[in-house]
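Labels run A, B, C and D following the written order; every chain starts at residue 1.
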Amino acid sequence: MKQYEYLAKQALRDHGIPIPPGRLVNTPEDAYQAVQEIGPAALKAQVLVGGRGKAGGIRFASTPDEARDVAKAMLGMDLKGYTVERLYAEGKLDIEREFYISVTTDRNKKVPLVMASLAGGVEIEDVDDSQIVRQWVDPRVGVLPYFGRELAQRLGLTGTLARELADLVVKLYQIYRERDAELVEINPLAVVNGHLMAADARLNIDDSALFRHKNLELIEEGSELEKKVHQIGLAFVELDGDIAIMANGAGMAMATVDAIQYFGGKPANFLDAGGGASVEPTAQALDVLVSMKPKVLFINIFGGITRCDDVATAILQVKEGTGIPVPLVVRLVGTNEKEGVALLEQAGISAYSDMAPAAERAVQLAGEGRS
Amino acid sequence: MKQYEYLAKQALRDHGIPIPPGRLVNTPEDAYQAVQEIGPAALKAQVLVGGRGKAGGIRFASTPDEARDVAKAMLGMDLKGYTVERLYAEGKLDIEREFYISVTTDRNKKVPLVMASLAGGVEIEDVDDSQIVRQWVDPRVGVLPYFGRELAQRLGLTGTLARELADLVVKLYQIYRERDAELVEINPLAVVNGHLMAADARLNIDDSALFRHKNLELIEEGSELEKKVHQIGLAFVELDGDIAIMANGAGMAMATVDAIQYFGGKPANFLDAGGGASVEPTAQALDVLVSMKPKVLFINIFGGITRCDDVATAILQVKEGTGIPVPLVVRLVGTNEKEGVALLEQAGISAYSDMAPAAERAVQLAGEGRS
Amino acid sequence: MAVLLTKNSKILVQGITGNQGRFHTKQMLAYGSQVVGGISPGKAGDTVEGVPVFDTVETAVQKTGANASIVFVPAPFAKDAAFEAMESGIQLLVMIPEHIPVQDSIDIVTRAGELGVTVIGPNTFGIISPGEKTKMGIMPNHIYQPGPIGVVARSGTLSYEIAFSLTNGGFGQTTVVGMGGDPVVGQTFISVLRHFKDDPDTKGVVMVGEIGGSAEEEAAEYLKTFGKPVVAYLAGRAAPPGKRMGHAGAIIERGRGTLESKEKALTAAGASVVTMPWQVVDALREAMAHV
Amino acid sequence: MAVLLTKNSKILVQGITGNQGRFHTKQMLAYGSQVVGGISPGKAGDTVEGVPVFDTVETAVQKTGANASIVFVPAPFAKDAAFEAMESGIQLLVMIPEHIPVQDSIDIVTRAGELGVTVIGPNTFGIISPGEKTKMGIMPNHIYQPGPIGVVARSGTLSYEIAFSLTNGGFGQTTVVGMGGDPVVGQTFISVLRHFKDDPDTKGVVMVGEIGGSAEEEAAEYLKTFGKPVVAYLAGRAAPPGKRMGHAGAIIERGRGTLESKEKALTAAGASVVTMPWQVVDALREAMAHV
C-alpha cells in the first residue's frame, strides 16, 4: 500500500530523519496559513502517480494570498485520472546537492537491499549503474551505524555528510523493518546548508502486513472498478481491450491474458478468481466483468481446489440475474468437471476442455484475431 | 536499577499484560480517592526492600476513610531503613492459584532464561527445583508464541491458562529485551476468575543501558554514603566493620576486604577506586572514607593504569585538606611506584610493597586480629 | 524417483483442525502421504482422519519421528508456526498460506538457511512426488503420474494445467515443486534444479516461470551446466509494466522482470522456451529426443 | 608458546584516536604487539604512533590483512564496533569497555558464536602472551615474563597482583587471559582452559575467580579431565550476599555463586585452592612438583 508523500515524510520525521517544514493542506485557507507559518512553499498534490511535477501537480506560492489561490486551483483538479484531495505545503529549500537512498527487499537474495547514489533527484532507473552503490543487509544483524559508514565510504562521502548518512541509514532500515515497508525511498536526499534532509520520500507498506499496522489509513490505488473487485477480495487489473477474462490462480489468469493476445485478441482485464473461490465471489466478479460491457466474456478454469460445479453455478446465477448480454466462452476442467459441464449444458452453454481452442474461439467471437 | 512495584506494573500494562486496578498514592487524600475508585485495596509501600509485607509495608483498607488513615500512618514511616514516600493502592484480588514466571540472563549460557513454576507466591529460591521449568531463549529467534505453548505444556497447563501463558511470555520477553531488564519477574502470577494476572512484579533495569532509557526516573538503592560515592562514579558497599579500605579494581578491592578479614580484622567497606582513577575522584573517595570515622584507613594499590604518584597526590591532598585523623596504612606498587612512594615519604608516610604485611599491619593498628 | 519429498518423509500438519488442514489431510492420506501427526494447540488427544493431534510440534516430533511439516495456519501466525517447526527439528517445511508479511518470510528463510531446513513456499500449492505416492500440498491428486520429468513452478493452477498436459502427453513426473508466488520464498529455480540434476530418475525438467524479479535470469546462468533438457514456459507476456498481476511477485517494476529478458536468457542457456502452456508437451518431446 | 594471541596476530585498534586508544596503542607497540591499523571514522589518512588510521574496519582489513581487533570506543557504541569487526572478518576481538549493556553483549557473543570469532571481554584488561611479545589490552607491560604458566582471570588489577607475584616467584606465563567482569562475556573458564590444555608449552594454570555466577563450578567439572596442575584463587570471601562488589558479575544472589560452593567444586576436581593471593606461588610450586 503506497503512502502519500506527507505520510512518508511523517514516518521519516517520527524516526528522527530531518525533513523540510511542511503542512497538510485540505482547504485554500489551510494553504494560506501554511505559507504564513513556513514562508514561500511548494504546494504538492498528494496523489499516488508518478511524474506529478510535469503534470502540474507541484506549484509554488510566495505569499499566503498566492497560496490560497494556488490551492483553490489545485484542490479538486484531475491529475492523470486521480482527483487531488489534499496538498502538502512544504518550505522551499536551497538545495546544494541531490542524493538518492532507499531500502527495499531483494527478492533473489531474500534479504533487504540498501541502494544509494550521489546522483539523486531523478528516478533511480535513470541513473547509470556505475553510480549506484548497493549494500545488502544480513537480517540477523540488521543495520548498525558501521553499515552506514561503509556505505558513505563507498559513495565517497566524508565529514558531516558521511556521519549523517551513517545515522540516517540506520533509521531508514528501522522504518523498513518496523513498518513492514516494501520500499522506503528518499529521493532527492538533499544537502541543505551542508546537512542531509529528505526532500521527497516514498513509503510502500506490505499489504500482507497491514494487520499489524492498524493505525494506518487505508489508501487504495487503481480505478473505481479495480477497487470494487479488490473489495470482493480478488486480484483485478483493468487492461485496455474488450475481451473480459476470468481465470483461477494468478498464473492461470496471466496465461489466459497471454493466450487471448496470442490469438490476436485484446484482453480487457486480468482477474484472478482465486485458487479456491466459492460461488458467491465468483458470481460477484462475473457481475463486474459484465458491467465492463466487453465484446466477449471468457472464463478459463482449471479446477484444483476450485470446483467446476461451483463455477458453473456462479455463471448460471449471473446469467439468470443480471444477465450475460455478450457471447460467453467457457473452458472448464478439473475437480467436479462432469457436474459443472452438465449444469452448463442444461442452460445451453457448451464448455471447452482445452485452453487453446477456447481462447481462439473467444477472439473469433470478438471479431478480432488473425483470421 | 531496581524499579518500584508500581513502575514494574506500569511496564507490564504497557506491554499488554493484565494487572490489577491500582493507583499511585502520594498523600492520604490520594489513598481516599483510590479506594473510592477501585474499592477495597491493599496499600503497598513503594520501597526496594524484600519482606515488605512482614515488616508492615502492606496494609489493607476497605473504605476510603480507612484508606486515608492507613496512608497517613504509612507515608513517612521507616521500613528497614528506607523512608516510605509513596504507596501503591491496588484492588483486592480473589486469587485462585499462584504461579511464578520470570525472564533473566543466564550468565553461563549467555542467553536469556525463562523460569516458570506452578508453585508461585513464595521466593523462587524456596521452590523445589523439580517444580521449576526452565527454558532458554535463542536470542536469534527471541520468544514467539510457540515458546510459550511449550512452556505451558511443560508446566502442565491447558486451555485458557495455557493460551494466556503463551501470550504473556512473549510480552514478558519484549519487556526484558526492549527495556534492557536484568530481571522481569511476576510473582505471584495469579489466577483470578480463571485468567492470568500479575499480582506482584519486579523489574530491574541494566544500569549500563540507562543511556537508552532516558525517560526512566533514576532510583538509587543503598545508604546515603553509598549514594554519595556512587555519584563520584565509584563502586562502594558499606560493611559493618571499622577498617576503611580503598583499592583499585573490583577484584583487588574484594581481595583486600578478604585479606583484612583473613587477618582477623573487620572491613568497614568495599571501595573500588577504579582501574585508572585520577587524583580528584580518588581524593573524594578518601574524604568519604575518613568521614566514616574508621579505626584505620587501608589503601591497597597495584598500579596498572592507575599511577602510584596520582594516588600519593590524592592521599596528601586529603591529609592536608580534611585531614586523616586515623592511622593510615598504604601499600603502593606498580606504575610510577618510585615517584609515589617518594611523595608519601616526604610527608612521613611509609608505604608497603607487599599486600600481606600491609593488611596485617592495618588489622593490628585497629587493635583487632589474631595476636 | 523423487527429490526433497519421498515416501520416507513423515509429515505433520500444522493447523490440522482448521477447514483447510482437515480437508487436505484427507487428500494427502488418500494420495498416500505418510501424515503422522497434526498440531492444534489445545486439541492434543483428538484425531483428524485417524491422525493424532498434538499441542506442540516438539511433542509431535518426539512421539512420531516426523521430519516434515505442512503449515495451514492463518498468515499472521505463520511465522510462529514456521519457527516452531524449524526449532523442533523439521527438515522440510511447506508453507501454504498466502499474505504472509515479507519481513516474516525473510526471517523464516534466513533461519531456514542457518538450520539447513528446506522451505517450500510461502504461498505455494506445495510439492508432490507421484512415483513415491506422496505429496505435501493442496494440488488435485488425479492430474499427476509417475515418470521422468521434474517440474518447478512459481504459481499453482498454471502448474496444474501444465502437469496435467504432461500427464496426458505421456510424461509422468518425478517431483513437482511449487516455489510459491510471494516476493520472498524459500526456494529458487536454481536450488530446485540442483536437486533435479542430482536425481538420476529425472530425465528432463519443465520450468514454469512468470514476469517479475530475476529468478529466471539467474536460473539461466545455472542451466548452462545443467546437462538435462529443459522446457520453460513463462506467464505474463501481455502484462503491462507497473501492475501487479495477482502475485506480489508478478510485477514488471522499473524495467526489471520483463518477459523478454527472461526468455532471452533462458534461450541463450539452451532451454526451449515456449509461448503458450499447451506447447510444453511438444517442446519437451522434441528436447528429450535430442538427448 | 601462547594461546589465542600470537606474534602472527595482526591487530587493529578501534577508537585509536581517543585518549585510551592512543595511549594503549603506544603501550602495545612498546610491548611488541603487531598493531597494523586503527579505526576512527572521519580520520582516515591520519597516523597514531606511526599506525595508519582508517574510516572502517572493512578497509583496514583489506589494506592490512588484520585478523584481530581491540575495541576502545565508549560503551554505547561498542556493539556497533564489535559487529563491524566481526562482519569484516576479524577472528580475535578484545572488548575493553565497561558498562556495555548486557543485551548488547548477548548479541555480540551470539554472533561471535555463529561466526567462530573469539571474544575477550567485555570489561576486560585483555590478553597478553609474554613469550610472543604481544598483547592486546591495558595491562602494565613490566609485570609479565615468558614461562610455562597459563593464567585466566575474571578481574584486572587482581590478575596483575597475581601475575606479578608469579613473575617474582619465577613462574613466567604463556598467556594471561582476562575474561572480563561483566555478567555476559565471550569466554568461560572452560573455553580458555581448553586452549591451555592443547598448548604444549603451558605446564600449569592459575585461575583467578570470584563470587557470583557458577562459572567456577562449571570449570571444576571440566578440570577433572584437564591433566595439568591448577591453582585457583577466588576473591569475595568476605562479601555479603545481595551486594554487588563492583563487577556486575560479582554478586551472591539468591544463594548462588557463593565462595564455598566454588571452592568445594574446584577442590573436588583436584585444583589447589588458596585463600589469599600471595599464596598462589607456593601452591603452584607444590602442584608443579607433583607432576
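Rule of thumb we're sticking to: a residue touches a chain if its C-beta (ideal position, glycine included) is under 8 Å from a C-beta of that chain, and two chains touch if they have at least 3 such contacts.
This structure is a prediction, so every number in the text was calculated from the model and none was measured.
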### Query
Which chains are shared contacts of subunit A and subunit C?
none
### Query
Greatest Cα-centroid separation from subunit C: which chain?
B
## Note on the structure
Whole-angstrom distance, CA centroid of subunit A to CA centroid of subunit B, is 54
### Message
Centroid of subunit B to centroid of subunit D, CA atoms only: how many Å?
### Response
27
## Note on the structure
Listed in rising order, subunit B residues that touch 2 or more other chains are 140
### Query
Which positions in subunit D touch two or more other chains at once?
114
### Query
If each chain is a dot and touching chains are joined, what shape do you get: line, ring, star, complete or other?
ring
### Task
Could you list each pair of chains that touch one another?
A-C, A-D, B-C, B-D
## Note on the structure
Given the complex, residues on subunit C that touch subunit A span 75-76, 98-107, 109-110, 114, 125, 138-140, 143, 153-161, 164, 181, 183-185, 188, 208, 210-215, 218, 235-240, 243-250, 254-255, 275-278
### Message
For the complex, give me every residue of subunit B touching subunit D.
### Response
105, 107-108, 110-112, 123-125, 139-140, 177, 180, 182, 206-209, 211-212, 235, 237, 239, 247-255, 257-262, 267, 270, 272, 275-276, 302-306, 333-335, 354-356
### Task
Note which residues of subunit A are touching subunit D in the complex, please.
138, 140-141, 144-146, 149-150, 153, 158-159, 162-163, 166
### Summary
Per the touch rule, the subunit D residues reaching subunit A in their complex are 41-42, 55-59, 77, 79-81, 83-84, 87, 111, 114
